[in-house]
Amino acid sequence: MKKAKIKVGIIGANGYAGMEVLRLISSHPYAELNAVTSRAQLGKKVCEAFPALSCALTFTEPDSADIYACDVVFVALPQTAGAEICGNLIDKGIRVIDLSADYRFDDISVYEKTYGVTHPRPDLNKKAVYGLCEVNRDKIKTAALVSNPGCYVTSAVLPLIPLTKNKLIDNVVIDSKSGVSGAGRKSDEAYSFTTLDENFKAYGVFTHRHAPEIEEKIGHKIIFTPHLLPIKRGILSTVYFTVKDEEAAKSALKGAYEGETFVSYSDSLPEIAHVAHTNKCVFSARFDGVGHGIIVSVLDNLLKGAAGQAVQNMNIMFGFEETSGLPVNAPI
Amino acid sequence: MKKAKIKVGIIGANGYAGMEVLRLISSHPYAELNAVTSRAQLGKKVCEAFPALSCALTFTEPDSADIYACDVVFVALPQTAGAEICGNLIDKGIRVIDLSADYRFDDISVYEKTYGVTHPRPDLNKKAVYGLCEVNRDKIKTAALVSNPGCYVTSAVLPLIPLTKNKLIDNVVIDSKSGVSGAGRKSDEAYSFTTLDENFKAYGVFTHRHAPEIEEKIGHKIIFTPHLLPIKRGILSTVYFTVKDEEAAKSALKGAYEGETFVSYSDSLPEIAHVAHTNKCVFSARFDGVGHGIIVSVLDNLLKGAAGQAVQNMNIMFGFEETSGLPVNAPI
Amino acid sequence: MKKAKIKVGIIGANGYAGMEVLRLISSHPYAELNAVTSRAQLGKKVCEAFPALSCALTFTEPDSADIYACDVVFVALPQTAGAEICGNLIDKGIRVIDLSADYRFDDISVYEKTYGVTHPRPDLNKKAVYGLCEVNRDKIKTAALVSNPGCYVTSAVLPLIPLTKNKLIDNVVIDSKSGVSGAGRKSDEAYSFTTLDENFKAYGVFTHRHAPEIEEKIGHKIIFTPHLLPIKRGILSTVYFTVKDEEAAKSALKGAYEGETFVSYSDSLPEIAHVAHTNKCVFSARFDGVGHGIIVSVLDNLLKGAAGQAVQNMNIMFGFEETSGLPVNAPI
Amino acid sequence: MKKAKIKVGIIGANGYAGMEVLRLISSHPYAELNAVTSRAQLGKKVCEAFPALSCALTFTEPDSADIYACDVVFVALPQTAGAEICGNLIDKGIRVIDLSADYRFDDISVYEKTYGVTHPRPDLNKKAVYGLCEVNRDKIKTAALVSNPGCYVTSAVLPLIPLTKNKLIDNVVIDSKSGVSGAGRKSDEAYSFTTLDENFKAYGVFTHRHAPEIEEKIGHKIIFTPHLLPIKRGILSTVYFTVKDEEAAKSALKGAYEGETFVSYSDSLPEIAHVAHTNKCVFSARFDGVGHGIIVSVLDNLLKGAAGQAVQNMNIMFGFEETSGLPVNAPI
C-alpha cells in the first residue's frame, strides 16, 4: 500500500530560499505542499506570481488553517520575523525547519550581539537542533525545531569540523565567494545586473554575521571575508590554516564523511559548477609541507546552503531515505 | 510488488546531450542506467571524467554487451556516425531514441542535401517516428526508433503547427537565440569564454540546417536566423508572420496544447529563465490588429530541445507517466 | 599657440548616458568639463558618487551659473523633463545636444502620441537637427540644438536608409537585442542580476517607442521587437526584408558609408564584441537569391547609440576632427 | 611645431596583452605603430585577423626591418620565447618593454626554478629594470630594458610594499581572483564559455608562478591562491596579514602613493568595475583592532596588470606625460 505523503507548509515562500523549498517539495516522492504563505503575494496563485513555478496553490497568511494542518513547516522569514511563528507552530505540535539565524546559536548572547536584537524565545532556542545534517543527524531525527545552517557557514564548517575537533589546525582564514542569489531578492541598484555583471567585490570585511556562527560551530576563532561573484548560485570557500601534523589533517578530512552522499572529499579541486543545482558539498585540500594547508570547499548556496539542506533535514526528521527529492548530479 | 526498472543505455555520453540524458536517467523512478559509451572516455569512470556526475559506471565501447542488454538506448552521436548503430540495435529488438538528425526527415533527399551525405539506412528511415511528443504521441508509443527533434526546431514548430496546419499564416520569419551549450562541447577559441562573454552574434544566416527541418514539419517556407546568446542554456524564438484571421490564430494557439504539462500558451511573454532547467516549452503571441502576429517561444535547448524530450519519448514508449523524471519548475 | 578647450556642461549626469558623456569629455583633447548637474547627487563630488570616475567636479543644480558659462551642454534627462531646459539654454545662445526623444521627431503629433505628452516647445522642435552624424552632418555643423538619435534607432536606420531612400526593399522586420545598460540605472527587481543573468526576453512587442522613430527616419513601415541581452552594453539588430534587385541593394549598402570611420559595411558578420566600447556601427548583409535579405547591424548602445554619437555631434558642431576623443578599437 | 611621434613595434601582437598594447598605441598622442608581428597571423592585416581592431598594418616576422626601425618594441611572447629577441633589439640600441617573466627576477636561480628553464641571457637580466612604475620610476626613465610585472603581482605588491619595507606585517595570505583574459587566448574546453560561465574555481594552489615574483618584490614569504572569475577582465586580491602597529600600517598605506594618478588608497572598498578598462590600481584596508589586517586591491589585468603598465613604462622612458593614452575613468 502506498503511504500517504506528509503535508508541508512554507512560510515566506516569496524569497529565494522559500521558492527553492517549494520547487524541491513539488517533486518530492514523500511530501506534498499543503500551504504557502507570503504577505507580499497574498491571494495570488504561485504560478502567477512566479511564471517559473507550475504550482497551483494560492499564497495565504502565515497563520492560515492550511499551515496548521501541516506535518512540517519551513519558515523562511528574515531574522526575528519568524521567531514567534516558529514557537506557535511548535506549541501546536507541528515540526518546524527554520531557515533564519534565530535558532542557530547555542549561545544566545552571541546571537543577540551579532543580530542586534533580543531573542524572542530563549526557551525554544534550547530545544532547537542545529541542522547540519551529516554532523547532527541523530539529534535531527527527533527534533521538534531544526535550525538550518547559514550558507557560508555550511561551506566552511563541514570541512573544518574534522580538523578543529581534533585540534589539528590554527590561524584560520576563510575567504568565501558567493553567487548573487545569496543576497536574496533585491530591488536595489547595488544588485542590478549592470552593477554586478563583470564585477566582483568584497563586503562585510570583519563584520559579516556568519563569522560568529562559524566560530561557535567549530569552536575556534577565524578571519572571514565574503565576496560577491557575478553568478546566480554557488559558494566557493578557500580556507587557509596552519597545521602541525599534515598526515593527521589529511586523514581527518578524507575520513570524516566517508559513505555520505552529499558531503565528500575529492582528490581534485572542486569547482562551483560541479555542485551547482545539487545538494552536495565537496572539498579538497592541499598542503605545502612546511605547515600550511588550504581547503577549497564548494556548494550551491540555495541547496546545500539553504533549501536543499532544509529538505534533507525534513527527510531525516520523517525517516525518509535521506536523498529523497534532492539532486546529486549537476547539470551542464 | 515493485516493478523492475527498465535498463537504459547511452551511446555518446561524452557530449552535452548524452550527459544530460545520463543525469535525467540517474534520478528516474522507472529507469536505470545499464551502459554508457564514449570512445573518447573509454575505460574511465563517469564520475572521474565528469566530476559533476556521481554515476559509478565506466564508459565502454558502443557495441558492448551491456548496451545489447538494454531495453532502450539513447544514441547521441554526431550526424551519420550513429545511423548504422541505430540500425544494429533495432535489428536486435532494442528500442532506440536517436538524438541526431539522421532519422528526422520524411524526405530523405532533403536530409541528404542539408547534411551533404548519403543516408546509410533509408529502409529504417521509413519506420522512424519523429519524436515531437505532444504532436506524435500515439505513434511514439509503439515506435521502435524515435528520432528526437532539433532544439531550434522544437521551439518553433510547437507554436507554428497549430497555425500552419489550418493555413492561418504566411510570410514566416523565425529569429532564434540559443545558449552556448547548443553548440556542444568545444575546444575552439570561437567558443572560449573570453570570446563569447558580453558578446552576441548571428550565424548560419540563410544556411542553418534546422531551417529545412522546420519547413518539413510545418509544411511551409520560412526565413530562419539563429544567434548565440552568452548564457549556458535556453532558446528564445521570436516568430513573425502575417495573418488574416487573428481570432482564429489566437484560438488555435491557446487551444492546441490544453492539458499538456510541458507545452503551454501563456498570456504573459515567457522568458528563458521561466523554463531553463525544465522540460517545458512556453509561448505567447501578440497581434497588431492589421495583419501581423508575433510569437515568443522559449525552452531549454538541452531538455525540451534535446535530452528532456528524449526522456519524455522514452516515458511514452514504455507507458510510464509522461512526466516521470522530468523537471517542470525552473530554479532561481 | 595651444587653442583653449571649449567648456562643456552635462545636465543629468547621474544616468548612464550622462556618465558616459562625462567619461568621454574627461579625455577629450579639445573639450573640458565645466559643470555637471544632478538633483539626486546635488552637492556630492562626482568621484564620491561614482568611484569609477576620477572627475573632481561637484554636482550642481541644472540652472547653475557654471552651466550658463558653457559653450555646449549635453542634456541627458528623461523625456519632457529637459525640454524646457534645452529651450532656456538655446535662448541664451548656448548650443545644446539633447539625448532625450523630445526633439527627435519632425512630426510632433507622432511624438505626442508615442510619448503620451504635449510637446512643451513646438517652436524649438522645428529648429532641432536630428543628430544622425553620417547622414545629417552638414545640418549638424551649424545647429543650435541637436537631437541625439535613439540607440535601437541608430542600429537600424544607418543600414536601412540607403535601401529605403531608393525604395529597394519592403516588408521590413527588425529584431533587436540590447544590453541591459540600455534600460538605464535601475532599482528594480526586474533588472536585478539574479533576474537577468542567464536569462533573455522580448519586451515592448508592437509597442516600443523606437518603432515610430525608425519609421519616420526611413519613411517606411516596420515591425520591431526589442529584446534584453544579459550583457552590459551593445545592440545587435537583425533586419529582415524583401528585395527585388539584390545587386542594387548590395551596392547601396556597401557604398553608403565609404570613407566613414564610425559606420561601415563588413563582408563578415559583425558581432557585438567587435564594436562594444567603441563609437562604431558595423553592418553586413546576406541575400537568399529569391527575394529575401537580412542585415545584421551592431553598435554600442551607450556610445554610437547615445553618448558617443552625442560627442561626435559636438565634434561636428565645433569643427573638431570628428573622431576626437572617440574610441574606434574594441578592447578584449 | 608638432613633435614627431615615436615609432612603436609589438612582437607577439596575436595574444591578448599584445592586442591591448596595439589598441592603446593606436590612440596614443605621442606614439604610432610601426610594426606588429605574429607568426600565427603572418601576412594578414590586423583588421582582418581581428575585426575589433581598425589597424591597417600587416603582421610581419619578429625580425622585420620595420621592427628594427622602431624607437621602442613591446615584446609579448610566452616565457623564454622572446628572451633572445629582447637581447637582439637591445644590442641594436632599441629600447624594449618585455611583458614576459624572463627578466622579472633579480635572482635568476628563482626564475630558473620557477619556470623550469635556463635563463638565455643572464647578462641582460642584470640590466633589466622591473617596471613597477610608481616604485621604480627613476630607474625606468633611463632603462634600455624594462620588464613588465605580472598581473597578480602588481595587484598584491603595490599595497604590500609600503607595509613590508617597514616590516609592519607578517603571516601574509593573498587570495586573488582574476578574469579569464588573464589566461590568454585559448582553444581549450577548460576555457570554453560553457565550462566557465556560472562557474568559479581555484587553481595553482601552492604552485602558481606569481608567488615567487611577489615574494622577491616584497621581500617576504607569502601564501598565494589564484582563482578564475567568470568575467573578461579584472583582478581583485584580498590580502590577509597580522600587524602589530595598526596606525603605522594605515598611515603607510594611505601615504605611499599620494599624488599618483594610477595607484591610490580608497576609504571605501574598491570593486573590479571601478577600475576595469582603466590603468588604475585601487586598494583599501580594514583592521580588526586585535592584530589582523585585510587589504582589498583591484586592477584591470590587461591594463595596469599588463599592457597599460607597459605603455605607462613607455611614457616614463620617453619623457611623455605619464598618463598619455591611458584611461583613468571606468565605463559603465
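In this document, chain identifiers A, B, C and D correspond to the written order of the chains, with residue numbering beginning at 1 in each.
We adopt the following convention: a residue touches a chain if its C-beta (ideal position, glycine included) is under 8 Å from a C-beta of that chain, and two chains touch if they have at least 3 such contacts.
Keep in mind that this is a model prediction, so the values were computed, not measured.
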Intersection of contact partners for subunit A and subunit B: C, D
Chain of greatest Cα-centre distance to subunit A: C
Separation of subunit A from subunit D, taking each centre as the mean of its C-alpha atoms, in whole Å: 40
Subunit B and subunit D: spacing of chain centres that average the CA atoms, whole Å: 46
Of all residues in subunit D, the ones touching two or more other chains: 16, 181, 194-195, 198, 230-233, 270-271, 273, 332
Subunit C partner contacts - residues on subunit A that touch it in the complex: 16, 180-181, 185-189, 191-198, 230-232
For the subunit A and subunit D complex, residues of the former touching the latter: 171, 173, 175, 177, 179, 194-195, 198-203, 205-206, 223, 225, 227, 229-234, 236, 238, 240, 269-273, 276, 286-288, 292, 294, 296, 332
Subunit C to subunit D touching residues, read off their complex: 16, 19-20, 22-23, 26-27, 29, 51-55, 181, 198, 232-233, 261, 266, 268, 270-271, 273-275, 277-278, 282, 302, 327-332
